[in-house]
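The two complexes that follow have chain A in common; it is paired with chain B in the first and with chain C in the second.
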Partner chain A sequence: MTPMQIVFLLVASVTLASAVMVVSTRRMFHAALWLILTLLGVAILFALLESRFFTIVQVVVYVGAIAILVLFAVMLTRHVMSEDQPQLNRSWWIASLATIGLFTGMVLVMRTWPIFTTTQRAVGPGGEDLQKLGFAFVDPSGFMIPFEIVSVLLLAALIGAVFIAAERKGGKG
Partner chain B sequence: MSFITDPVAFLANWLQGLLAGWGLSAEWLNFLMLLIGAVVLALLALFWTIFLIWVERKGIGRFQERPGPNRVGPFGLFQPFADMLKIFTKELITPKGVDWVPYNLAPVLIVASTIMIWAVLPFNSTTSGTNISIGILFVVAIGSLGEMGVIFGGWGSNNKYALLGSFRVLAQLISYEVPMVLVLLIPVMLSGSMALNEVVNSQHIWNIVLAPVAGLIYFICLMAENSRAPFDLAEADSEIVAGVNIEYSGLKFGFFYVGDFLHAFTMALLFATVFLGGWRGPYAEQYPILGFVYYFLKTWVVYFVNLWMRFSLPRFRIDQMMAFNWKILTPMALVILMTTALLDKLLPAGQPILRVGGFLVLNVILLVGISLLLSKLLSRRPRPVVAPTPRPVARR
Partner chain C sequence: MNSIPMSWYLVFSIGLFCIGLFGVLARKNAVAIIMGLELMLNAVNVNLLAFWSYLYADGMSGLVFVTIVFAVAAAESAVGLALIISAYRRRNTVIAEDMNVLKG
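Let's turn to the complex of A and B:
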């Protein structure tokens, strides 16, 4: 086992454990904190793939914006800590069996994929070429259409949020 | 290089030679040098804060026509040490019902997020903590860690005033991040790279000359990110009873305090790096120690302007602050970004005078246009009439 594999296994297990804690912890604020740890774990996985840009972008977007909004929503929710209800419902063992079955099935199917056993591609000392990413985003034969569609989607989300939160003139605010 | 002209690189080379002579392998050597560099930088930042606290207290005293601390040591120079001793020896009271992890993690995150910025700043043509290719994005990411510290402090304190205070501060912080990131794209465009070393190296003409509106917006946003006056409604004693800091005593409050003052200086460092040309100056490449001197001077100028605004201006209300950000700063940032991008491609690359002139004209047009527009819009808003009826003065 190379050291990189050991580090990857450690980081991946911490990420998975945090993800499990997100859904199984009692207090919602702690669930949000575990979510932050999960997202940071994914950022470290990007760093292990030697992609500096996506590490930082993961921290900026997920931890810096999405996790903060999740925390905001959690803090503004009333009756956050209801201690008398059970944390897991009665069919939790069926759910875990189904999850494990799905995971095993996916791994078995992916093992037939030739790229599954490829080694990591070296990126180089200067980091990845961000210019290529930028060009790919605006290249018509590249990823321009998904880029524009995502921009329109974000704009729609923004307008929707403003519409929902806006005060009605002469009505309920 | 000798010790006089380039002290840091000289010492680093000497230490590296010494350790390699003792038979250390290459990757351990690298790791040890990086570790020593990180520890030295963090300690330097923290010890420098002591001096900054004295400067700020003396400065605010003089601005308010009083002497400031002058009892402890000559000119009150040992006052911060007295403060430190007091803070260290205070009892760390943990209120009942606090959420232990967020409560204790908050001061750590706030100080850590400030010191981590020092890792990417180029102090010199040869000295910088690390030269990652995405330095500017790293600075933005670290800012969001600081916001996390504020949330943790507000929630973990089990105190409704802390929670409300942290909500308001958080709204301010995430709002002012938007024009800050937009405006940071302009030096990235002008220098062609996100690495702070490249941004400094490419500033033959300072970025503040090429993009003064961007510099202004960045300055304002940095002050707001630091929750410094006039944006300090987080710690407004008359409004929210010290905000997030309420339930923290002793060294934990000391950390908030240190984080605040250190962030002000770090903000000045960032502004000097991105807009004022960092360590650049005459003979800074041949004698790297001059790079330190120029950087230091530029940072002090920016820091003084920051302190000046803090001591002179009353604080914003939260609605004024939000309106200022979303209605004025963000549209301005968007417009300046788009027009600078356009002009950057239209102006020919080889002639600096034409480029500088073109950019300056653009910025002046934008500033004048926005101020005219604002004065027209503001004059149309009805002013609230305070005393419509004549109130009789108390008569006998």
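Let's turn to the complex of A and C:
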């Protein structure tokens, strides 16, 4: 057991436990707070994978924006579901069987890969090369088209979210 | 220096994905379903970055894919939560089973 392995195991177990709390706790507000803990744990795993940029992006985009959005949605739709009624639907056992089956099946398939247990990393100690990533985004022979499509998607999502959530005055409501 | 096998990241990622999938399939509250979706997208990002870090660190495709997943996750949660707020305003429910206007 090296120190890195101990750090990984601690972070991974805390993250998985809080993810279980997200899907199982009765109070929606607590579920949102557990979601924030899960996202922070994933950010630490990104750091362990030597990806500094995406560690920051995970904290800024997920914890800073998406989790706050979820918190707002929880607070705006409070008192609709009482906390003592069941939070899972009738077919939850089919869902749990399906997810356990998917997990065991995926692990069994991945165990047959020869590279599955490799400890040799391709990434250097300096992390990712951000300059190369930036050039790849604006290079017409690289990833310029996907980048532009994602920009249009974000703009469409922005306008669509405002359009859907805006209160119509005088209309059908 | 680094002694964590790639399998640990992959097993963690499939575990997180399965927990999120269970949340999406089994929860009643629509906001909780969106939370499960976020967990699934995070698991995908861990998986992509693990493969990038262990096998394909020379290329940029892994990082570009992770960036696109981030953007899609942001767009998805914004539109999804706006839909939930709108449905709550019109029908006064956030329970996914009760949103059945389109049911034939």
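To be clear about the criterion, the second predicted complex is superposed on the first by the 144 of 173 C-alpha atoms of A that agree within 3 Å, B and C clash if a C-alpha of one lies under 4 Å from a C-alpha of the other, contacts with A are read in each partner's own complex, and residues count from 1 in each chain.
The definition used in the following text is that a residue touches a chain if its C-beta (ideal position, glycine included) is under 8 Å from a C-beta of that chain, and two chains touch if they have at least 3 such contacts.
Just so it is clear, the model here is predicted, and its values are computed rather than measured.
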Legend entry - Contacts of A:V57 with chain B and chain C, given as first, second, both or neither: both
Inset, instruction - For A:I66, decide between first (touching chain B), second (touching chain C), both and neither. - result: second
Inset, instruction - Could you figure out whether chain B or chain C reaches more residues of chain A? - result: C
Inset, instruction - Considering only the touch criterion stated at the top, classify A:F116 as touching first (chain B), second (chain C), both, or neither. - result: second
Legend entry - Which superposed partner A:F29 touches (first chain B, second chain C, both, neither): first
Legend entry - Which superposed partner A:T77 touches (first chain B, second chain C, both, neither): second
Inset, instruction - Name the contact category of A:L16: first (chain B only), second (chain C only), both, or neither. - result: second
Legend entry - chain C-contacting residues of chain A that also contact chain B: 53, 57, 65, 72
Inset, instruction - Could you please specify the touching residues of chain C with respect to chain A in the complex? - result: 1-12, 14-16, 18-23, 25-29, 31-32, 34-36, 38-39, 42, 45-46, 49-50, 52-58, 60-61, 63-64, 66-68, 70-79, 81-86, 88-90, 92-97
Inset, instruction - Please give the residue numbers of chain A that touch chain C in the complex, ascending. - result: 2, 4-5, 8, 12, 15-16, 19-20, 22-23, 28, 31-32, 35, 38-39, 42, 45-46, 48-51, 53-54, 57-58, 61-62, 65-66, 69-70, 72-74, 76-77, 80-81, 86-89, 91-92, 94-96, 98-100, 102-103, 106-107, 110, 115-125, 128, 132-133, 136-137, 142-143, 146-147, 150, 153-154, 156-158, 160-162, 164-165, 167, 173
Legend entry - chain A - residues contacting chain B, complex: 27, 29-30, 33, 36, 52-53, 56-57, 59-60, 63-65, 67-68, 71-72, 75, 126-127, 130
Legend entry - Of chain B, residues touching chain A in the complex: 99, 101-102, 132-134, 137-138, 140-141, 143-145, 147-148, 151, 154-155, 163, 167, 170, 174, 177, 194
